[in-house]
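What follows is chain A paired twice: with chain B in the first complex and chain C in the second.
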Partner chain A sequence: MSPDAINVDNIEFSYGNVHAVKGITFDVKEKEIFGFLGPNGAGKSTTIKMLTGQIFPKKGKISVLGMDVTKKTGRVQARIGVSFEQTNLYEQMSAVENLKLFADLFGVKKFDADKLLAMVDLHGRNRDHVSTFSKGMKQRLMLARALVNQPEILFLDEPTEGLDPVSADNIRKIILKERERGAAVFLTTHDMMEADKLSDRVAFIHEGKIVALDSPYHLKQKFGKRLIKVETETASGELKETEITMDEPYTADDVRSLFAEEKVITIHSEEASLEDIFIQITGRGLTG
Partner chain B sequence: MNGRIIGTLIKKDVVLFFRDKFFGVMTLLMIVVFIVIFFILPATIRGTIKVGFYVPSFSTFFSKNLMTDGLVIQNMESDEEVRRAVMEKEVQVGISIPGGISALLDSEKPTDIFVYSSSEVPKDIQEMYTVLMNEMVTRMAGKKSPVNWRAVVLGPDLGGSQVPYRNRMIPLFAFMLIITETLGLANLISSEWETGNVQALMVTPLTVIDFFAGKGFTGVGLAFSQAFVFMAVTGGLKQNAFLVITALFLGSILVTGLAFVLASVAKDMMSVLGWGVLVLIVLVLPATAALFPGLFSGWIKVIPSFFLVDILSRAVNYDIGWSGNLKNIFLLGGSGVVCVVFGVFFLKRKIS
Partner chain C sequence: MSIRRIAVLLKKEWKYGSRGFFFVFAVAAPFILTVFINLVFGSLFSGKPKVGVFDMGHSSIVSSLKEMVSVELKEYESEQSLKKAVERGVRDVGIVFPVNFDSLLERGNSPPLVLYFWGESLLKDRAVAAASVLSRIRDFSGKKAPVNIVSVALGKEKGLSLKDRFIPLVVLLAVFISGFALPSTSLAEEKQKRTLGAVLTTPVTLRDVFAAKGLMGISLSMIMGTAVLFLNTSLSGRFGLILLILFLGSIMASCFGLMLGAFMKDISSVYSALKGLNIFIYGPGIVALFPQIPKWVAKVFPTYYVMNPLMEVSNNGASWKDIRQEFFILLGFLVFFVVLVGLIAGKTRQQET
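Our next item is the complex of A and B:
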């Protein structure tokens, strides 16, 4: 079993009287993409801030790359990369200047900004001011900035939020490449499809607590219902949709009787989504 | 503190400062405009001198003989009134001739005649009036008289020559250049906060100390360099250069501290300008006081910028060196340290 990139032990954090994170425990393995899912205000951003040393937990311990993040903040930050939900680039500087600034802060020698910009499909705009970029371009540049020091852990906060499908897909490809390079990825997102596609494991956070943590496959196995959706045509010519729950003793009989008694137009299976599971566990959706 | 990181921050801040169309252009423009104004203003002084005159007898004789272009005579009722008028700057020169001057001169006993002047009147003007009065007394007595001419300077003796307006403007312009950086630096920091740039910086190896050191060096450097250039071009460094440079440096620290305070309360450029204008109004008053002495009373001395303006004014215009400015230097340095400590405290709270 690979060692932990991140180890979080029962951490808590409060903003005044607001208890944002209430004793959460989890770990992220090396080379793992870990999805951290929850609605707004659930404690995702507070957790990321604690993991990246921006704020310190009031209780509990965080170990990142084997170091206590509260004691060796600078050393931890030198080996991680963070891409924020809010676009926080220097708009009056060019793409190259933005990347070089952070490469200098990280002390990266022989830094090739053009190569990194080509990787995120921003070649040709290297010398343009960021203020002239579209949201998708800015998002890609933020990701490139998070990669300047070839981080061992990549923290991505809503990396595809508000992007068109092509841009979002490009970013997902880069995330997978980073995993291949050897980085662990801590990913927060509202996009359940994205989390499902990318994550090795996901944690659901709700009201400051982790309410479920497992691989998407196992969560679906454990909480989700598999269905067969059958569309039939009645004698009067009307279309009717019927749902049959799979994995039940009566499933085969129900399917057989449908085919025998009615004219089947379409049939397909359907798995529960992570969103369905989140709603099932917490009683509310992720986008609220 | 990490020198490499601080250097990177300074480079970035200077680039961003001059890419901000408002503050970047304004900074360069102000240096040019102030230098141009300085050279447009007359280098010589031409003004009216008011003379307070107390002579119980022969007043008409003196008044008639003193009538000249640019001179206004005001007859006074007593020696005390002459002194008061000079002290309160109603007149620049006061002459007090004892009663029965004619008899005193005839007796050939040594007689004291007082020529009072305010500290802003140049020595050559004081001497000119003493010579003039001596001439008239000799003419009145018809012979050389044993008069003891007592020249009394009322108020602090600033010595030196009368200062042309353009030279008086030097402290004001230098201070304006320095204080402008309060707004520029505060805007730079608050916009970095507003856009989340600070958050991005804080997840790199940069520490909070590096952050403040970078901002501090940038602020002091920008403020100091502009004022230094202005002083160098306008001849403000011809005398007491090291003292002037020290004052500019301490003044730059003061405005950098104020910029930190301003950035800690401001949310965006508009609020920087809003709060900044309030601060500017208060801080510019002492500079105006240097331009127009007597316009404000002693309360102006509690405003830290007074120390800077006063040092510049005394060093540049009256050739007063370290010994005459030591107290102001300490007060200016102390005010700067206090402002920086407060600024770092408030800004750190905001950033954390």
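Our next item is the complex of A and C:
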């Protein structure tokens, strides 16, 4: 079993009387992509802030790369990269200047800003002021900034939010490449398909508590209901949709009788999505 | 704290902060005010000194003074009317030539010459008027200043001219606009634009950020303070001591700025707070502008202990001994403010972003 990149033990945080995180425990393995899913206000951002040393937990312990983040904050931060959901770039600087500033702050000696910008499809705009960039370009630049120190853990908060499908796909490829390089990735996203595709494991956070944690496959196995949807045409010419639950003793008979008795127009299987599972567990959607 | 990271942040502050509105304002405002004061109250583009005379004995010196181009001369019927003209500021200087003035000079005596000057007249005008009179007397007698000049200040203000009273306020503005407003607006702007949050996910600590922004404020504040003192021709005293007081004043200004920036969430809040805090910062300068306000009022403000020693040393040639009491009070304030800023930098991490 590979050692843990992140170890979180029963952490809590509150803003005044608002209890944002209520004792959560999890770990992220080395080279693992860990999806952290939950609706707005669930405690995702507060958790990321605690993991990256921006705020300290009121209770519990966080170990990042084997170090207590509250005691060795600087040493932890030197080895991680963070990309934020909301734009926080120096807009009066160029893309290269933004990256070089952070490379200098990290103390990176040999740094090739142009190469990094090419990786996130920003070549040609290297010397332009960030204020002239679109939201998607800023998002990509923030990802590039998170990579300047070749982090061992990459924290990505909604990295594909607001991006066109091609750019979003490119970002996903970069995330996978980073994992290949050896980085662990802590990913928060609203895009369930993205979480499903990328994550080795996902955690659902709801009202400051983790309500489920497993691989997408196992979560679907545990909570999901697989269905066959069949569209048929009746004698009077009307279209009718029938759902047949898979993995039941009667499934085969039901399908067979439909084919025998009615004219089948379309047939396809349907898996439960992570969104369905989240709703099933918490009683509410992720986008709310 | 890391010196390397502070240097990186400081370089960023100078390179990009100097493009901001507040930087330009902090640099321009004291210069504009200096030019404005000089235009309104004197020195730049000011005319000739206005001299009034009451000649009791038809002195030939008065006739020769009329021919001089360096002064604008007017004769008065009586000493009383001359004094009234000087009191009202119609004349900068009034001179009473006694009876037999010329014959007393010829006999080698030193006749008394009463010289009235308007309290708000410029020193330059007084000097030009006095020099003109003395040169004419010297020409007449062939001797070196054979008169006793008795100077009597007239008008409501018998001390500093209005221009001189403005200088403390301008110096305070120069030191505190840069030192106070720059760190506070820069810190609040970084919070508002969330760049502070990004920087704090690197090994940079909030103390590094405070140090860089504080140093930026201190350096600009020092430059502006020295420039404004120089422009107002007040750097006549001990230069080293002036720089030391300016340095401590700049630290105080930056401490105020950092404390304000730490508690404000955005630039608008800083602007509102700055408006309210102006009196706290510039109060001693305003008191200096109105001599009728008791001086102890100015002593209530911490910035007095920057302004007063600075003006005493630069303008009045005061020594270390003269200002040491105020200097130590200033030092006491500084220790308090620096510790407070350090505590805030440590505590704020918990509330950041």
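Brief remarks on what is shown
Throughout what follows, the second predicted complex is superposed on the first by the 288 of 288 C-alpha atoms of A that agree within 3 Å, B and C clash if a C-alpha of one lies under 4 Å from a C-alpha of the other, contacts with A are read in each partner's own complex, and residues count from 1 in each chain.
Keep in mind that, in the parts below, a residue touches a chain if its C-beta (ideal position, glycine included) is under 8 Å from a C-beta of that chain, and two chains touch if they have at least 3 such contacts.
All figures in this text were calculated on a predicted structure; none of them were measured in a lab.
Clashing of chain B with chain C is the outcome of superposition onto chain A. Contacts of A:193 after superposition: neither chain B nor chain C is touched.
In the overlay built on the shared chain, the residue A:102 is in contact with chain B and with chain C. Look at A:239: by the touch rule set out above, it reaches neither chain B nor chain C.
Looking at the shared chain after the overlay, A:92 reaches both chain B and chain C. By the touch criterion defined above, A:56 lies against chain C but remains apart from chain B after alignment on the C-alpha atoms of chain A.
Judged by the document's definition of touching, chain A residues 52-55, 74, 77-78, 80, 82, 84, 86-93, 101-102, 104-107, 145 lie at the interface with chain B and also at the interface with chain C. Partner chain C is touched in their complex by these residues of chain A: 49, 52-56, 73-75, 77-78, 80, 82, 84, 86-93, 101-102, 104-107, 145. Residue ranges of chain C in contact with chain A, taken from their complex: 4-5, 8-9, 12, 16, 19, 193-195, 197-205, 349-350, 352-353.
Across the complex, chain B is touched by residues 52-55, 74, 77-78, 80, 82, 84, 86-93, 97, 101-102, 104-107, 145 of chain A. Chain B meets chain A in the complex at residues 4-5, 8, 12, 15-16, 19-20, 195-197, 199-207, 352.
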